[in-house]
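What follows is a short report on a single structure.
Labels run A, B, C and D following the written order; every chain starts at residue 1.
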Amino acid sequence: MRDLMTEVLEANKRIASAGLATLTWGNVSGVDRGAGVYVIKPSGVPYDQLTVESLVTVEIESGKVVGGTLKPSVDSETHRLLYQAFPSIGGITHTHSTYAVAFAQAGREIPVLGTTHADNFDGPIRVTRDLTPQECERDYERNTGLAILDTLDGDADGVPAVLTAGHGPFTWGKNATRSLEAAIVCEAVAQIALHTLALNPAASPPEHLIRRHYSRKHGPDAYYGNSADPLRNTESKPRRPEAG
Amino acid sequence: MRDLMTEVLEANKRIASAGLATLTWGNVSGVDRGAGVYVIKPSGVPYDQLTVESLVTVEIESGKVVGGTLKPSVDSETHRLLYQAFPSIGGITHTHSTYAVAFAQAGREIPVLGTTHADNFDGPIRVTRDLTPQECERDYERNTGLAILDTLDGDADGVPAVLTAGHGPFTWGKNATRSLEAAIVCEAVAQIALHTLALNPAASPPEHLIRRHYSRKHGPDAYYGNSADPLRNTESKPRRPEAG
Amino acid sequence: MRDLMTEVLEANKRIASAGLATLTWGNVSGVDRGAGVYVIKPSGVPYDQLTVESLVTVEIESGKVVGGTLKPSVDSETHRLLYQAFPSIGGITHTHSTYAVAFAQAGREIPVLGTTHADNFDGPIRVTRDLTPQECERDYERNTGLAILDTLDGDADGVPAVLTAGHGPFTWGKNATRSLEAAIVCEAVAQIALHTLALNPAASPPEHLIRRHYSRKHGPDAYYGNSADPLRNTESKPRRPEAG
Amino acid sequence: MRDLMTEVLEANKRIASAGLATLTWGNVSGVDRGAGVYVIKPSGVPYDQLTVESLVTVEIESGKVVGGTLKPSVDSETHRLLYQAFPSIGGITHTHSTYAVAFAQAGREIPVLGTTHADNFDGPIRVTRDLTPQECERDYERNTGLAILDTLDGDADGVPAVLTAGHGPFTWGKNATRSLEAAIVCEAVAQIALHTLALNPAASPPEHLIRRHYSRKHGPDAYYGNSADPLRNTESKPRRPEAG
């Protein structure tokens, strides 16, 4: 549990150091499935004032705060719904990063325009539908999560990112660190996509190139990296002996 | 008074560290309503040479310099008029930040294109009318303030920011720090707005989404943050006990 | 002379720290009119390896190198011609800063689109004509200087900056530091202008606003700053007593 | 060999410090022609965790890993093909830098729009053709190299950079450091080109200006710099005596 809190703390601070946040705009959470809880940033606290003690622990099932003395992020109920819906998700990040928000505000998905995108995500980063007046009136954060579920249509693994319409990106991964890295990727591909579309509004790479890049980093035939995890290899494993 | 000067000093230095200034372009002031004065950056002094001693104290009522040995910022009379017109304003920031100035030069308001804007400002950031030749000829800085008053039409609280036409942003808040943070927000939403409009010139979020985001951070039903102040919570207060 | 060399050294290093340079692209020089020489960056040496000893001293009249063991910047002859033509110039900077070069390559002057520009420069930053094949064939750097003279038409004081067509900005001032600051201003107004034109291709501020801003910082009626020099005040002078 | 490994290590770390990389996206290699091997970044290891021990040594002829315990960069086979095809190449860099990738994804070459480009590269940075489904199916990285060879048409020296379609830049030089510097140049000219085209879609400098700039830095008549190598002069040589 201490390890989880340290990881969530570091991932939240990395929102700022990676240039994804203005002021306090953004939050990361991480889950402990065994304990049935997630740990999340407190609402409105600047990144440089965050400590393990300031983090908030929330029960996945009930939404009850079971640890910490502060209120959780205002987006906590959106995180909770995603944890309930997808057992494979271990961490979630929400930011207001510049280029991803621009796509969300424009109501445009981030299309797969090249291998940088395909190395990481198995398809476009989609935009949710607009919420109705009723969905904004009550349980807004939960309804935001439900709109994300509609958009994902049961698959959270191929593309661990979504844009909520008029708002911004939510990203996720097997733990808090990976969800933060997905947020970094989301912003990078959004920026490159905006510039690509300025140079060629009809840009579209061949599908077989896209498939090659996604599969060399992900899935059973992946050959990228030096650890079991394709996105980032912090623990390198020895290379398999090669035929001479 | 010493606290006020320290805060104004730090807020002025933050213009530079937040990336809002080139050379010496920008100034922050803060007010002491009891003493009837405001403290402001001296004219033309680089941020890294600012000290508490270099700050200038000005009487709100008369405009007379009552503290400090340097001349106040050339924009001091604009600050003074805003302090006179709006008792709720405790701090003012003026910058030449890149994207906000681009909107001011283009003569376009910064529209509410999404929740990042609505989380902070209750409407578009408007542009003043052009000043007349007579208004530029005499008492230019005071007339700039009068044009801002025309634009605000009596309400400085909902949107603590304005663009002076062909010039740049003035922002404010309950103290110097908040006015500086409003300047950071103003630049961030300007940048995102410019990219959004490039992707979709007709972008326009639903009004009920905008209202939800503004009201969850501001006003009687606000539930964002861990202190009484919605914009930034440096002092966290204990969470209210929750029903189990 | 030692003071001049130290200033030229620091100004050259500031090309890099101000974000105006990639690799070794850019150079600053400063003049000693009494000695009839200028001191300039050596050709191709990285900024972090520059020392006072690596600087090169050149005679204004003859172009002969009279100090230092390295070759001067390849652009030295352009600097020399400007020093010969304008006795008021004490320092010159040449960079390949991103946005100013974009305007130079586009063959478009940087128009006066607002007060940020007018606070510093008394008119648009003009672009030279293209050089002829003959002018590129022989004495290219001197011919570049001659094309700048054609463009300036005898006035180097109102706008201390020019764009050489297809190439980039040269800026100047009363000393090396001021020429470097003019390069910072040139890049800043270029970036803001590009964004302004994207938002409003017909943007054009009223002339009386532009005149007010230029004259409050420059000329006999200037009231900006706390020293005799309007652009940057490193030595603050006491404020004049004010009527009570 | 130790010197080569140290240089390759430093060049890989410089991908990150020069702002050319997100996460682990990018790799540099350097060659030892005498030993018939090249040294390359291991796959998926973050730049701040790289050590000399983590680098991988590969035989140019066979592709066999002959040093190191990790797997080489997934792009290793592309590097190998370039080393085989061009004996003059001593180092190779591959990145996903923002603006160069935007051109690659747009399927547009980076045209020579001014002297910044011409100072470094003797022509446009071309884009490879799309690979076929078959070329993506098997030996993808080798086929990427073959498509680069098609594009270069036997000349790797004039323009030490290429964009692989839908993917990103490969650059090279006489050693690892120079290949990294070519990647820095490639990104800089891509960014300036994008802004130039926004200001003037028909921008096109005169050919004689371009020739002058390329030849003053490269080839037999080069007069730029203070060492034998035109791109970067870390060892300054004494200036030749000049006629008085």
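As a convention for this text, a residue touches a chain if its C-beta (ideal position, glycine included) is under 8 Å from a C-beta of that chain, and two chains touch if they have at least 3 such contacts.
Fair warning: this is a prediction, and the values are worked out from it, not measured in the lab.
S.K.: Hey, how far is the Cα centre of chain B from the one of chain D, in Å?
M.R.: That gives a centre separation of 46 Å.
S.K.: Using mean CA coordinates as chain centres, what's the gap between chain A and chain B in Å?
M.R.: Inter-chain centre distance comes to 32 Å.
S.K.: Scan chain B for residues touching two or more other chains and write them down.
M.R.: Counting only residues that touch two or more other chains, chain B contributes 198.
S.K.: Quick one: do these chains touch in a line, a ring, a star, all-to-all (complete), or other?
M.R.: ring
S.K.: How do the chains pair up in terms of touching? List each pair.
M.R.: Listed by label, chains in contact pair as A-B, A-D, B-C, C-D.
S.K.: Can you check the complex and tell me which residues of chain B touch chain C?
M.R.: Per the stated touch rule, the residues are 22-25, 42-46, 49, 54, 56, 64-65, 68-71, 74, 96, 98-99, 101-108, 130-133, 136-137, 140, 165-168, 194, 197-198.
S.K.: In the complex formed with chain A, which residues of chain B make contact?
M.R.: 113-116, 119, 181, 184-185, 188, 191-193, 195-196, 198-200, 203, 205-206, 208-209, 211-213, 216-217, 223-227, 230-234, 236, 238-240, 242, 244
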